[in-house]
Amino acid sequence: MSLREDPREARPFRSAGRYVPARGIYTESARLQRLDWVRSVTGTGLRSMQHTQLDAERLTGNIEGFVGSVEIPVGLAGPLLFCGENVQGEIYAPMATTEGALVSSATRGSLAVSMAGGVSTCAVSQSMTRAPVFAFSRMSAASLFALTISQYFNDLRTVIRQVSKHAELISIEPAVLGRTVHLKFTYTTGDAAGQNMTTACTWHACQWILQQDHLIDSQELDSFIIEGNTSGDKKASFQSMTEGRGIRVTADCVLPEGIIKRVLNTTPDELTAGYHHIASGAVHGGVLGSNANAANIVAAIFTATGQDIACVHESSVGQFILERTPVGVYASMTLPGLAVGTVGGGTHLPAQRELLEVMGCTGKGSAARLAEVIAGFALALDLSTVSAAVSGHFVSAHERLGRNRPTR
Amino acid sequence: MSLREDPREARPFRSAGRYVPARGIYTESARLQRLDWVRSVTGTGLRSMQHTQLDAERLTGNIEGFVGSVEIPVGLAGPLLFCGENVQGEIYAPMATTEGALVSSATRGSLAVSMAGGVSTCAVSQSMTRAPVFAFSRMSAASLFALTISQYFNDLRTVIRQVSKHAELISIEPAVLGRTVHLKFTYTTGDAAGQNMTTACTWHACQWILQQDHLIDSQELDSFIIEGNTSGDKKASFQSMTEGRGIRVTADCVLPEGIIKRVLNTTPDELTAGYHHIASGAVHGGVLGSNANAANIVAAIFTATGQDIACVHESSVGQFILERTPVGVYASMTLPGLAVGTVGGGTHLPAQRELLEVMGCTGKGSAARLAEVIAGFALALDLSTVSAAVSGHFVSAHERLGRNRPTR
Amino acid sequence: MSLREDPREARPFRSAGRYVPARGIYTESARLQRLDWVRSVTGTGLRSMQHTQLDAERLTGNIEGFVGSVEIPVGLAGPLLFCGENVQGEIYAPMATTEGALVSSATRGSLAVSMAGGVSTCAVSQSMTRAPVFAFSRMSAASLFALTISQYFNDLRTVIRQVSKHAELISIEPAVLGRTVHLKFTYTTGDAAGQNMTTACTWHACQWILQQDHLIDSQELDSFIIEGNTSGDKKASFQSMTEGRGIRVTADCVLPEGIIKRVLNTTPDELTAGYHHIASGAVHGGVLGSNANAANIVAAIFTATGQDIACVHESSVGQFILERTPVGVYASMTLPGLAVGTVGGGTHLPAQRELLEVMGCTGKGSAARLAEVIAGFALALDLSTVSAAVSGHFVSAHERLGRNRPTR
Amino acid sequence: MSLREDPREARPFRSAGRYVPARGIYTESARLQRLDWVRSVTGTGLRSMQHTQLDAERLTGNIEGFVGSVEIPVGLAGPLLFCGENVQGEIYAPMATTEGALVSSATRGSLAVSMAGGVSTCAVSQSMTRAPVFAFSRMSAASLFALTISQYFNDLRTVIRQVSKHAELISIEPAVLGRTVHLKFTYTTGDAAGQNMTTACTWHACQWILQQDHLIDSQELDSFIIEGNTSGDKKASFQSMTEGRGIRVTADCVLPEGIIKRVLNTTPDELTAGYHHIASGAVHGGVLGSNANAANIVAAIFTATGQDIACVHESSVGQFILERTPVGVYASMTLPGLAVGTVGGGTHLPAQRELLEVMGCTGKGSAARLAEVIAGFALALDLSTVSAAVSGHFVSAHERLGRNRPTR
């Protein structure tokens, strides 16, 4: 039967395919069993997957169907001098990337900024959000719920304290949308990024809400869903840019003319003109935020330090600002929503943990420190990239350090 | 002197910090020299960085300051049955991730979709863009240039053919913005993502333009910059969502009620209601696109196959659509701009290349095939995730497979 | 000298042109003097401008250089049955428009909704914002100011009470952006839209702030500006959509199958399919919000009732939601930011005031009532428009009632 | 029965309300009959609605249920010296508004720009779009249609020529979204804004498409809808900003320091700093475009000249750019999508037509001229507004000319 002819007719269920074996078993032998099985099913050698330093038994919270690992090369950028709230002194940042010229350009930017006195950084706020939806039969019930729920804030805090020691509820905000209420829970989560813990906390809090007869008339409640896309989880969104999700961090520096000329091979005026063009282009193209390539630093440091790589999507939004001053330029980088942590996720993997240590990003307060490091290097890289672009150096660096050279 | 007191005054330059040694040398011994140096500077052991399967000498186009690698665990999701334009049959997708429950949820979604007859996929278009800026003294010169440049399309094609055998120019589009012209070059790039090759091509093309006296009056040209942020490179933007950048790919499937109940533990009506909430929430929160968690698949497969991880930012934009049908649901996932390739970047690294082979994604046409695989699994995962969310299964899966469990 | 040759050179100032006479005089004779002057300068008859019912002496706060008026035709749509928080019973809405078919389509939608029991409406929140910028020499000073300012909330309330009896400050929220702080003041403003009163209040509050030496070190403050575009004033923005500006209002209704067929000439399934297409299209096209043509109602009622017509830009953002139910459809319209009032602006003009009276929108609480009326009619119109579009009736209505007929 | 109890149950239809009488009759006596009827139904005097200069018989294409008109006061701003492609010399612009200080501020900006040599303007492109949706049973049929349709471009042109003499089809662009194809028709429409004519043309073209058996297999086509929200009609969207809809127009000027000081009461440096703050704030707040108050000019001139006021929503998006130059500032305003015309809609109303004549905006090419006038004044106003904001003059002007004065 053609797929096209009548897709709306039920067709007999196809039997399930062959499944990857040893499901739910977290051992090295289960891994090797799966690896052999894939080899036989796909006819591939998978030779370099044979060996891994990762311990299958420690991956219970990180992956299923584990067959091995990919190695992402790490280069060291910097040093960059920080005068931040949570980080001071020279920092070398490990960057896991396969984009030639990135480490080298970040290092050049860091040199310029450090020579000029360093980068100031500040983790402005820290929060993690989760926004379940309560859908009612009509708007009137929804708006009543939205009006009432705030009174139960303390009850919800109490419920949540029993779920997690690390997550603390700091606000709940209802948004009425037709007959639904999107209820945004905002938490602090210590040094964890906190997506999972806040999900669990919010779910238990909602179970409590759903049991309160005086708060929810069950005849009027149509459905409940743990997330309705207004938390911004795994999505690049304007709400997250404006309100922040994860750590909101700002970095700034001043660069005098001499350093711009010597290190960045351009002039304050050229650099400023280049900035104007990318800032205007971002508006024209509907970019979320405005910067040259903050995603490069976010991705490279996230990957090196065991962050959730999928969060590169939402966390790479950034606002780069540059102003001409009498003696050079002033520049800042604001990253409104870094979903970063120094505990949880992949931060316990051996190399990842070591690379957090290289930046001093372990222990209490280290998530904010990590966020400041990322913002500082993102600022340094954008300064170097825009300088390269205006001076024509961008292409030659990529031709030299990247993989593409003219065929002539 | 306080940083605050007078930032606008020049201050004496700080001497540069200590630089990572063995700059520009791509050997194993240079790597070990750098590694030892980092250990001494930062006082960290970096034991698990000692060993890597990566060959320093083959990383010349990928990284500078190479000190080792991080291993990202890989799990195998699927099988998912494809009836696509570039991919048919059962596919197992390698996912490099540290987010527990992801592989397992993608596998569940794949089971449902496969039982129902599989996923149809289509790589709708493929292009790579680069958009330099020509800034003039006044708008009149800019608009004259914008009017004239199109006549030189064939000349530019000729210039570009001498730079790259793989990139082919398919259009140039000028956008006048005040006194500047953002000139968008659009290319096909074979099976490469093509960011670097199109940069080089565009740069050489612009050099040619800048030399044409009849086209550009040098007295009126103020500045030139190779990119003004309207190509969408490394930025999540509305322009890329609407116009596409990289491969635009669509996947769809139908799911009958029986499978939804048996495999996804929910009903067509509940699933549809859940979809409505996340679609509405995305609009309210200003999400770029609309989906549940396409970024998870994009990030996991990008990382496993040597793509530029920074492009997870721009490539994870996706539009998930679900409609109730008489017998179940119809669902589709459109990813408007996947910056993927099967040659270039990190695709030559050993494990990454093997994992491309596992999906049959090597050889001519394999970039489109890879894009279809990603779209298919992104659709399967979104179906599973929304089902889990509406059935309350989402939290329990994360509590079981993720790292966060209630402390009670 | 050609404009092009050297725009960066100073050129001798041109003497000012001839100015419209009787500047600053608000009398009928001054108006006629200006009108005659325009006739002579432009060589136009301007016959229909000769007469106006507007009283020049009462336009001191509304316009300068007053020469006459344009008449916008007003049609009466409805009745629409309201079961709202601030409006109950049948309402006829005056619509000032030149778009044929609008009144008629809104009336058709109103008939369907009213027959089905009417529209529920709720003015969820009301606020007006103004967001000045304090720019410091460095980020450290900016973040310090952002941390400190909240403590002075009560002082600012006191200052503001002396400026206006109608505006009440309800919150201040600082956002650090590089070395600047955008400080969002949020007010309630009674039944006025309140843009002007909140500007005055905010300006006086900022003057007070600027005088506090312990709060602002004048050596560190670079500049101050009364608005930095984060209030969303006169701009369509995602922040206003998510957070609301003006009155946030929601309307909903249910339509059974019989009414959909009889009145809207379509079926619940066709209507739902049509809704899906416009909702998906809005995401693809990067629409701010998601609806069919809320702007038509906002513009028509704003113009009829003396609102600031420029606010049609920011106030027409709307989210239209439609869901299939077992017996028909459920539909809602949320307008997140209606900048409306029933006092101030042009609401005192004679016809405009009379048309407010027609809807009972005068007196205390009438701004919220007006917002609910707008939301109700916007919902009715969108239902009619989508129905017309799916049934092919849209084009024939415009051919019959609009100005374009096939030339055949 | 409470509305809340069971909204999903069908309830007996309510009989229709009392309808406005004399439906479909376009005479003065019908108007008066309706007016009397409204008076009796709503108990309002509606005295100033009694008289109107509008001729009911000429409003057949503009409004239904006509009861009278509202008068919007018109002030004359300018003169502004134009050196544009379609407009040269001094122009006085009629502005219909009730916002005090607007005409006066636009005049001040015009003085500055004119003294400095005037504003250059250019209508870069002109198009009107309509984007119907073809929904198929599966994506495969949709993508096949998208591939094939372009071959029929000439047939569609032929069909369209029979529908309208004024609309000319210039391109069709399919976008595959799941199993639907949004097919964007782009037209030139002479001096009409063209929304209605392009709707009719597109509808007839689609009827032709739907009849081609070789192009559309009717078994696979699920539904058709004349517009799926990707044309941007009556919606502010990123697609329209980037691609343009209506007339895309740019204006620019240079202002030397002396004029900035003398006329705008500020300095180039202060003005530049202020611009930086509003440009950064626009990014932070997710503004569509970036400007100070372009909507004021768009709304005032649209209302004065009989444009569709609902289009103020989509047409007020603008990008204001300002750069410091050695001798002052350079500034530009780009309005990407002005839906304007000088024939059709309300442009034939007597005062509206006279006001078009005042600006010389009648006859062939006058729509482009009108667009340039709007862009020029929008630039002048933004310059004046930002100057006022940085110099503190903004509030005092509004206190003097607007309606709000401190109560002290």
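Should a chain be cited, it is by its letter among A, B, C and D, assigned in written order, with residues numbered from 1 in that chain.
Assume a residue touches a chain if its C-beta (ideal position, glycine included) is under 8 Å from a C-beta of that chain, and two chains touch if they have at least 3 such contacts.
Note that this is a predicted model, so its numbers are computed, not measured.
A comparison of the B-D and A-D interfaces places the larger number of contacting C-beta pairs at B-D. Of the pairs listed in B-C, C-D or A-C, the one whose interface repeats that of A-B, with over half of its contact pairs matching by residue number, is C-D. Mean C-alpha positions place chain C and chain D at a centre distance of 14 Å. Centres computed as Cα averages put chain B at a distance of 36 Å from chain D. Chain A and chain D have centres, each the mean of its CA atoms, that are 39 Å apart. Those residues of chain D in touch with two or more other chains are numbered 3, 7-8, 120, 138, 140, 175, 177-178, 238-239, 242, 254, 273, 279-280, 282, 284-286, 289-290, 319, 321, 330. Taken chain by chain, the contacts link every pair, so each chain touches all the others.
Listing the residues of chain A that touch chain C in their complex gives 120, 122, 124, 138-140, 143, 146, 175-179, 238-239, 242-243, 250-252, 254, 286, 319, 321, 330, 332-334. Residue ranges on chain B touching chain C, taken from their complex, read 3-8, 137-138, 140-141, 219-220, 238, 241-242, 273, 276, 279-280, 282-286, 289-290, 319, 321, 323-324.
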